[in-house]
Structures are given as structure tokens and as C-alpha cells.
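Have a look at this one.
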Amino acid sequence: MSAAATTGTYSPAASAGEKRRERKEELRRHLAEDADWPRADGRSFHDCRPAFMQTGPTTAASGSAYAEFGKTKVIVSVFGPRESKKTMMYSDTGRLNCNVSYTTFATPIRGQGTDNKEYSAMLHKALEGAVMLHTFPKTTVDVFALVLESGGSDLPIIISCASLALADAGIMMYDLVTSVSVSCFGKNIIIDPTSDEEAWQDGSLMVAYMPARKEITQLTLTGEWSDGKITNAVELCMDACTKLCDILRERLKDASSLAE
Amino acid sequence: MAAEMEATETGGLAGEMEVEAYRRLFPLAFLERHLRESVRPDARRTDEARPITVALGAVSSAHGSALVRLGDTAMLASIKLEVMSPSYEAPDEGSVGLFAVDFPCICVAPFQVIWLIYSCVAWYSAAVEFHMPPICSPVVRPGRPAEVAPVISKTLEDILMSSGMLNLKELCLISGKASWLAYLDVYCLNADGSLFDAALISAVAAFTHLEIPLVSVGDDGRVFTVGGNEGKIKYEVVNREKRKITVTNIPFSLTCALHKDNILADPTAEEESIIETSMTVVLDSSDQIVSIQKFGGAVTSMATIKDCISLAKDRRKKLRGILSVEAMEVDSHSSDSVN
Amino acid sequence: MVGLSEGEKHFIRGGIAQDLRADGRRRLQFRAMSVETGVIPQANGSARVRLGSTEVIASVKAELGKPSILHPDKGKVSIFVDCSPTAAPMFEGRGSEDLSAELSVALQRCLLGGKSGAGAAIDLSSLIVVDGKVCWDLYIDGLVVSSDGNLLDALAAAIKVALSDTGIPRVNVSLSAATDEEPEVDVSDDEFLQFDTSSVPVIVTLTKVGKHYIVDATSEEESQMSSAVSVSVNRHRQICGLTKRGGAGLDASVIFDMISVAKHVSQQFMSVLDSDIAAAEEAE
Amino acid sequence: MEYVNPLTGFRVDGRRPNEMRQLKGEVGVVARADGSAMFEMGNTRVIAAVYGPREVQIKGQQVSSEEALVRCEYRMADFSTGDRRRKPKGDRRSTEISLVIRQTMEASILTHLMPRSQIDIFVQVLQADGGTRAACINAATLALADAGIPMRDIVTSCSAGYLCSTPLLDLNYIEDSAGGPDVTVGILAKMDKVTLLQMDAKLPMDTFETVMELAIEGCKAIAKYIREVLLENTKRLECQRCLRPDFVSGHFLQQTYMYRAIFVEIKAYKAAFGSED
């Protein structure tokens, strides 16, 4: 059997690249200049995508949640405090072990389905401030996330879905953590960007927020921002997080009412 | 074990102890008490299988996809089509899932080395990939794949090929020059027993839902997708009519756990962890046996094997409705153009 | 990593509360910094920065490569950081991978700006040789030789100095007839074009210990940190990147206050750094 | 490509065949390490750090109860060689060199004086221009001396080769990759004993002896240089210790200032202690 068959596979979408780039260029220009240009999917600048969240897709886990924001689909399962890996040294506070991985078909170009180290570390930092680690000493809580489809602003959705899964697993937390990201185009700020908008953003800002305690557990920012723009971008994110947190609380209420 | 069995016999120990603790502490005794009244912990009869639901087009970025729920076990199968130059011997045949494994980290745990060698053998023949991500069950840890995943990948691939369900000739674009390569990835989202049955159904459903994109050949010989609704088409569309592939004699499998002369059809994860021996019977749509798999465990008589086969037969009759109906019903939002 | 008794912890926290740290510095005072350029002769540009007893080496290497299809008119820059086991025994083998990954991500976030290239420290379009065909790929490598806290600021400073020391050879392309096969490119190794690194930002990390936050924390002080904010500010007082590290949550107003303090401190740090760069240029 | 100019007898980089590259040694470059050193041979520059003798970390290995466990890790920086490939950690070459350095240094360290303990030697190559193995061993010796670890004698190492029928001392990258023979010798300087000998080429017996003699001469010269560096370092330490007034460093002033501040603080602490969280 000749080996030539295997190496030359390519996804046939190559030709559209040229046209797609002009369309993207034009999208970016519009978003940067005029304030009221509707986004590709018709949302205004300060509208999040419809959030569908649900607890308990995986019964094998002690707590799990599924989140779907437009095209971004994420499943998170939490395995309750269990003994940590042999190599870990003794620690009198609990430990959080986060792992984020993508499926091979998550991105339009076929990915490898490998773990995403950067997002795992960011997820760990976002949740660390909210989980009461001292309530499960010497043990580890495993938070595993799988991105079924990447449709833009994946990390914030993973963080919100993970905090819902932790609540579903009954892990003691100071407050639910919700997270939202914004992209900046010239002087306009758009919330909850899709992957097309993200590919052409001038800068982005992501906030992970605990609404009840009014504390930010994770804040990252790239691109060029002036002082004023940062303040109103963070305010925008914080009240979006508060609204998202109410949705999470309703989900938990129906889940518990369902359980009885 | 026997001593503690007597204790529960007299109802002394089990009486006051809460059911959940008893279930955790003495799982085998718990199951056997149920089997004596021929009922199972989740209130099913021993030969009763769990309900199946199939949803097509779950992944919009894939050409064909299906989400299958077998009781609590959930499987997501997705097919991505890529263009390849067909092999010399079979110029007019496509293939399914040539899976190239490249391992990012060099120092691999011993188990992964075996998996690396195993996958090099499968590299050039068509291989299907069954993933068990860490979210699906507490047993799986990130970085170390579950032992059962490669086994299921291998059997799934053998059955898809041997059952003749797919006619690889339909995957050909231009004979000798370009043909389709279907990457089939099956992800287990929730592992609650009889993973192989759910994986096979999801693979079959994904193939029925598969829709080949409209393509034409550019002047540099490379194939590219045509937007479908674009007015002017520079190059003639190559495969206007070959959009759906015909799926004939659909294979169907039933796994039974064998425990001391009673047969539990479609075991849950808890039952699978207690009972070592299990047997999988695969039949095709004309009730011929495609394959029977029994990996070791306790010895069983021929009679039990016949019972399992008959169980599989009537289970398939009940399910023929689901498998064929969804073959026709094309899910609404799966038709948007996939780039 | 740092073993501290309860008494020492109190000593550090008490010191910071009274604006007098263990080594005599004030809360917003940097340690002595020494800068050296051209430490790696084989690289296009390199620098060694010693901040107190933290020592890092940054090297910039340029290689010819193909631009990405999404941005045919821009070169590519990639940043990697490696923690050498000489800095701490726990970095042996694969131990340093998570810290190196975290530092590389934080640096990429602060130096490469948004995906469309706005706010990037280096003007990527100046790296192009033949549009769509050949461009310069900049590989920026950071190596932590000795770590005594505040690695991110030291690495960012080292990268800024290395970039100012970088010389990209001038390239003349003989445009052959056929367009798609690779045009021959010969690299002249005498004249070099320098980067203008004025817009390269500087990172200032504010570490919050107890109620106050300090600049340029040593590893003992870092072990006491409840949370830290690393802000990257460029010459025009624009914020080019921000990462919050550490677990504890922070009130939004505290973060804005830290950002303004960081902007003020970064101007002073940048002037010190520029004078050191100028001094190092002559010394070379 | 002629490596030795037939007329002038000079090599590619202008050295004579039996001339060593420019040496530069520095002690105490890494603050937190127990002992550290930087060693340069021409363009090859290496940093070594020593941690130990300290408590054994890895529970797996059986701890021999009567001598110390010496461990070594050799690592090359990504920018150290000409072409920039991200080498994965733990590739075969660095594991081999780690083993070579460990065994060479173990021969000279008096391990029986420090039972049930572990000595870690970490070597980081900043710039590789041929003869990295030799430079690593010299740097490790300096670092061990700086860490105050008892050694029989200082170990020095040098490489030599044989190109265009002339033995060459201390090969650089070009001469090293010319495919000729490459002899790396490691000796205990005073006791004149060879601890490391690596040669991978076919050489007649007599040329081998001349090349080896040349390498041993090289090692002796390096040993002399290393002894000078250590002597100068001890002088510096000695005068820092005896605090002669005209040589009181700023660092010392800060210390006294701090002690005075502590007395002030203790009174404030008692009052403030309650409010401090």
C-alpha cells in the first residue's frame, strides 16, 4: 500500500480564504468607525449571545454543567474532593486541578484535540479565589472542561460553566464566578465576541467576577487601551457578569427543585 | 464474601444500614439481592435495555454528526471530510479516518508507548478514533488515555469496515486524483456502561447524517468548496449529485453482562464494574451475525451465548424503527454551509 | 519554594505596612538594576538584566519564514520563556513547565497586542520582505538564570533591551520571473536596520501583601502575596496589557488604583531603563 | 576548507594549533544557589549552580546510607546554538552529557563525608561554540568549590583534535563539526589522574598519544587559571568578612540601619499587634 495516500489531506475550504479576508477586513473597518453598525449576527454592541446553561449532563461526575452561547458549546464535569495524585506533596489546604481540552472538530480547521495548557492555568486562577479550599484539606477537586465547539470567547464561558458545575457538585464556594470578555475595535467595545470578531479584534479584556462579593478574581487585557476605556469596559463586564449570575442561580434553583 | 453474605441473609446488618451505604460497601451482595427477584438496581428487567435517543447535526462545524443517549451514556460522533489523493491500489475509493497520531510530548508513560506502536500499525489502514475525555468518568485522568478506549476504537473500526455498511466508492471525487477522507471521531460525554453499543449507534447515525459539500476543482488541481449559492461558478461542480452516501445493512450491537447464569442486557457502569464477564453480539439489518466479542472472564455455556444472540435479535427489531426513521429525517439546522 | 517561619512572615508584613521593607526599600522602590547587551554573540540581539539577585537573559533571533495566510503583510513574532534549573532545584526536568508557560503567555499578552496587530510592541509590518511570500520570523527567548522574585518585570525589561540591541540584516531580493516559487534572497551581513523600541512597553508588577501593594517584590515577599497585578505601560502612558495573578479577589476600585500607580511608577522605571540601555550601548 | 593554514600555521580563528581559547571564570553568579559559577572558553559560555548537600528529595531511589547521592542535569538554552530549534527536554544527548558530568564530578567529591544527602549540579549552556562538555566540567568544579563541598582535587577538562595532520587544542564549533577525531580529557589536576576520556574516531596509536598529551597540557593550564580565580574569590570573601572600615559596603550599612529599626518596631508592634490581621 503506498504511503502517499495519507500525508496530503487538506480541508477543501482553501480557496475561499481570499474572499473571506476582504470580508473580514471590511467588517473590522465598520466596527471600528461607526457606532451603530450591526454585528454579523444582528446583536448590538452591548448584547451577549442567548445563554443556554444546564446542570447534570454527566451522571458519572459528582457535579457537571453544559453551557451553550451561540456556537460555543462547553461541558464541564467536577469530580468531588478525592485523594490527589501520588506525586503531590502533603498540603493542609485543598487543591484545585483544572484541565481544559478541545475536541478535534471544535475549530473549523481540524485540530489535534490536545489539552490547552494556557486556558487550564487561567481557569485555575479564576476559580481559586472563589473556592473555599480549607474545607477539603489534603484532597483535590478535579475540574475538567471539554470544548465541543469553539465559537468565540471560549474561556469566559468555560469559567462560568465551571463555577456552575462546582455549585452542582456541592463544593463550598464564597460566591459563583461568572466571566465575560469584550473586544475593542478602534474606539468601540463589543461584548461577548464571536470567533470571527475575535480573529480581528484590536484588543480584548476579560473579567472573572464574583457578583455578590463584588470582587474580580481574574482580569486579563491585551492590545492598546486608554485609562477611561478600561474603566467603562470593566464596568460593562461587571454588570453583564451580574446578569449572567442571576441566570446561573435560576438554573441551580430549578435543578434542586427537579431533584426533590 | 460468603460470611458477610450470611450476615445480610438474616437482615441483621442490612436492616438498619442506609441503602446507599450498603450499596457502596457490599456492591455484589446488593446486586445479587436484586437479581434474586430478577430485577435490577435501576428497576429494569434483566433482559430489558435502556431507551435510546438520537439527535442529528449536534456539531455545526462538522460535515456529519450525531448525539446519541443510551440511558445515561451519551456519545457524540462527528465526521469531517478532507480531500486526499487515493491510494495506488484503490484509485476510485475514499477511506475512513486515516488517523495520524503525533504525540506532542516525547517522554511518554509506558502505556502510551504501546498505544503509539499500536497506532502506527493502524496508521495506514483506515482507523476510527474513540476518545474518552476526562469529563466522562472518574476513572479517566487527563494525559493518560483510558485503557478501554483503544480497544473500542479497534472493534468499532473493524465492524464499520467488515459490515459493508459503507461503500467506499461513493467517497471518490475524481478517480485516481482526488477522493474523500472521512475523519470519524467519537467522543464519550458520559460513561455509564455499554459504551460500545452507544458508540456504534452514534457512528452509524453520523454517517446517515453526513452531507458531502459541493466542490469543484481549481486550475491548480486543488479541490475547493463552492459556496453553494454563489451565482457565478468558475469551475463546474464535480459532485452535484453525490451529496448523500447510502448506508446499507446497518450493524447493531448489544452488550450483555453474564453473572452466574443470568444475563443482564445493556449493563450500567456500576453493573459493569461488579461483573467481569460481558459479551457483545453485533448483528446487521438482515439478522446475520457480524461479530461476537467475549473477552475472557468466567466460562459460559453455548446455551447462554444463544440466549444473548436471541436477545440481540429482538432488541434490534424493537429498535429498527429508530435506526431507519432517523436515517430519513435530516435535521433542520445541519444544512447550513459548512466552511 | 521559600521556607519562612511565622516570625519572618510577620516581619515582612509589618515592614510593608510601615513602608520599610526587609532590604530597606520603600514600597514603590525598585531594586538596583544592571543591564548588559550583546551577551549572546550568535543572536541578532541579546541582553542580560539583573534586578537585585534576579537575573534573566533575553535573546532575539531572526529567521526567514513565510507569513501566515491571514496576515500576508505582517511578519511573525513568538515569545518563549525557559526557567533554568540553576535558578531553583524545583525547575529540574519538567518542573519548570507551568511557570515558563505562564510567563510566556503573560509576555505574549503584553507585547504582541491584539490579533489585528494594533498595540503591538514591534511594528509587524516592518518585518515583511516580500509581501505574502517571505518575511522575518522573530524568535524571542527568555531564560531565567537566577530567580529572586519579580521575574515578569525583569523578562520584559530584558526583551526591551534585547530588541533595542537587535540588528536585522538588510535583505535584497532578486525578483525572479515566476511568482510562486521562492524568490532568491541574499542576506547582506554588514548593514543592519535597527528597531525603534520607544513604543515597547515596560511591565510593572504590583504585589498586594496585607492592605498595601509593593513594587518589585523579592521571592520572600512574593510568597506572602494575596494577589498581584502586572500592568504593561508604554511611553505614551497607554496600557498595553494586564494580567492579574494570585488567587484572592480584588475590588474593581483597588485594581483601577493599582493601574494608576503602575502608570506613574512605570514612567520612572522606563527612564532608568532607557539610561541603562544608552550606557550599555556605548559600553559594548 | 583547510583548518590549518599551511603557510602561517594559524587556525581558522587565528589561534596557533596548541593555543587555548580565551578563558574567563566568575564565581557566585546565582544568588540563591549554595554555589555557582560561570565559565567561558572563547564563545562557549556555561553557568553551573550547585544545591546541596541537602535532604534527598526523590523517595524512589534507595538512599545509600554511607555516601552522598550526586545528581546532575545538563540543559542547553534555546538560543545557544546557531539554528533555533526548540529542543524537547530530556533528549538523548543532554542525558548522556549529564551522566558524563555526574560521573566525572563524583570521582572527585568526597561523598562519604556527607552520607544520606543529595548534591544537585545544574549546568545551563548559554552559548555553544564547541567544547561544551569541557566547559561544563570546569564550571561545575568552580561551583562545587564555591559551595564549599569537599573534593579530592579540582577536576578540569579540555578537548583536542587532529585535523590536517596537526593536533589542535580546544576545538571550536567549526573544527568540532569537521568530522575529525575529538578527544575530551578530564583530569584531577594535582594527582595527575585521568577521570574522563572520550574519543570517537580512528586514530593511530602515536597520534592519539600526542593529541592526548596536548589535551592534558590544556587541562593543566585551565587548572592554573581556576586556582587563580578561586584564590581571588577567597581574598574578596576574606576582606568582606573582616570588615575593614575603608571597605564597608553599602549592603552592610543597610543591615545596621535595619537592626536599629527593629528596636523601634517592637514597641509599636505590641500596640498594633491586635489590629494587624
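Letters A, B, C and D mark the chains as written, and numbering starts fresh at 1 in each.
What we mean here is this: contacts are C-beta pairs under 8 Å (C-beta built on N, C-alpha and C of every residue); 3 or more make two chains touch, one makes a residue touch a chain.
This is a predicted model, so every value here is computed, not measured.
Enquirer: What's the fewest number of moves from subunit A to subunit B, given that each move must go to a chain touching the current one?
Expert: Counted as steps through touching chains, the separation is 1.
Enquirer: Which chain pair shows the largest tally of C-beta contacts?
Expert: Highest contact count belongs to chains A-B.
Enquirer: Could you put a whole-Å number on the gap between the CA centroids of subunit B and subunit C?
Expert: 48
Enquirer: Could you grab the centroid distance between subunit A and subunit C? Build each centroid from C-alpha atoms only and quote it in angstrom.
Expert: The mean C-alpha positions of subunit A and subunit C differ by 27 Å.
Enquirer: Averaging over Cα atoms per chain, report the distance between subunit B and subunit D in Å.
Expert: 58
Enquirer: Would you mind listing the residues of subunit D that make contact with two or more other chains?
Expert: Residue numbers touching two or more other chains: 89-90.
Enquirer: Would you pick out the residues of subunit B that each touch at least 2 other chains?
Expert: Only 107 qualify.
Enquirer: Considering subunit C alone, which of its residues make contact with at least two other chains?
Expert: 94
Enquirer: Taking the touch rule as given, give the residues of subunit C at its contact with subunit A in the complex, in rising order.
Expert: Touching subunit A: residues 69-70, 98, 101-102, 105, 109-110, 112-116, 118-119, 227, 229, 234, 238-252, 255-256, 259-260, 263 of subunit C.
Enquirer: Looking at the complex, which residues from subunit A come into contact with subunit C?
Expert: Residues 17, 21, 28, 117-118, 121, 125, 128-130, 174, 184, 198-204, 210, 213-227, 230-231, 234-235, 238.
Enquirer: Can you check the complex and tell me which residues of subunit C touch subunit D?
Expert: My answer: residues 10, 13-14, 17-18, 20, 22-24, 39-43, 46, 53, 55, 57, 59, 61, 63, 80, 82, 84-89, 92-94, 139, 141, 143, 145-148, 210, 219.
Enquirer: Inside the complex, what are the residues of subunit B that reach subunit A?
Expert: 58-62, 65, 72, 74, 76, 78, 80-89, 95, 98, 100, 102, 104, 123-125, 129, 131, 133-138, 142-143, 181, 183, 185, 187, 189-192, 213, 215, 218, 222-225, 227, 269, 339
Enquirer: In the complex formed with subunit B, which residues of subunit A make contact?
Expert: It is residues 1-16, 20, 57-61, 64, 71, 75-77, 79, 82, 99, 101, 103-108, 110, 112-115, 142, 144-146, 148-149 of subunit A that touch subunit B.
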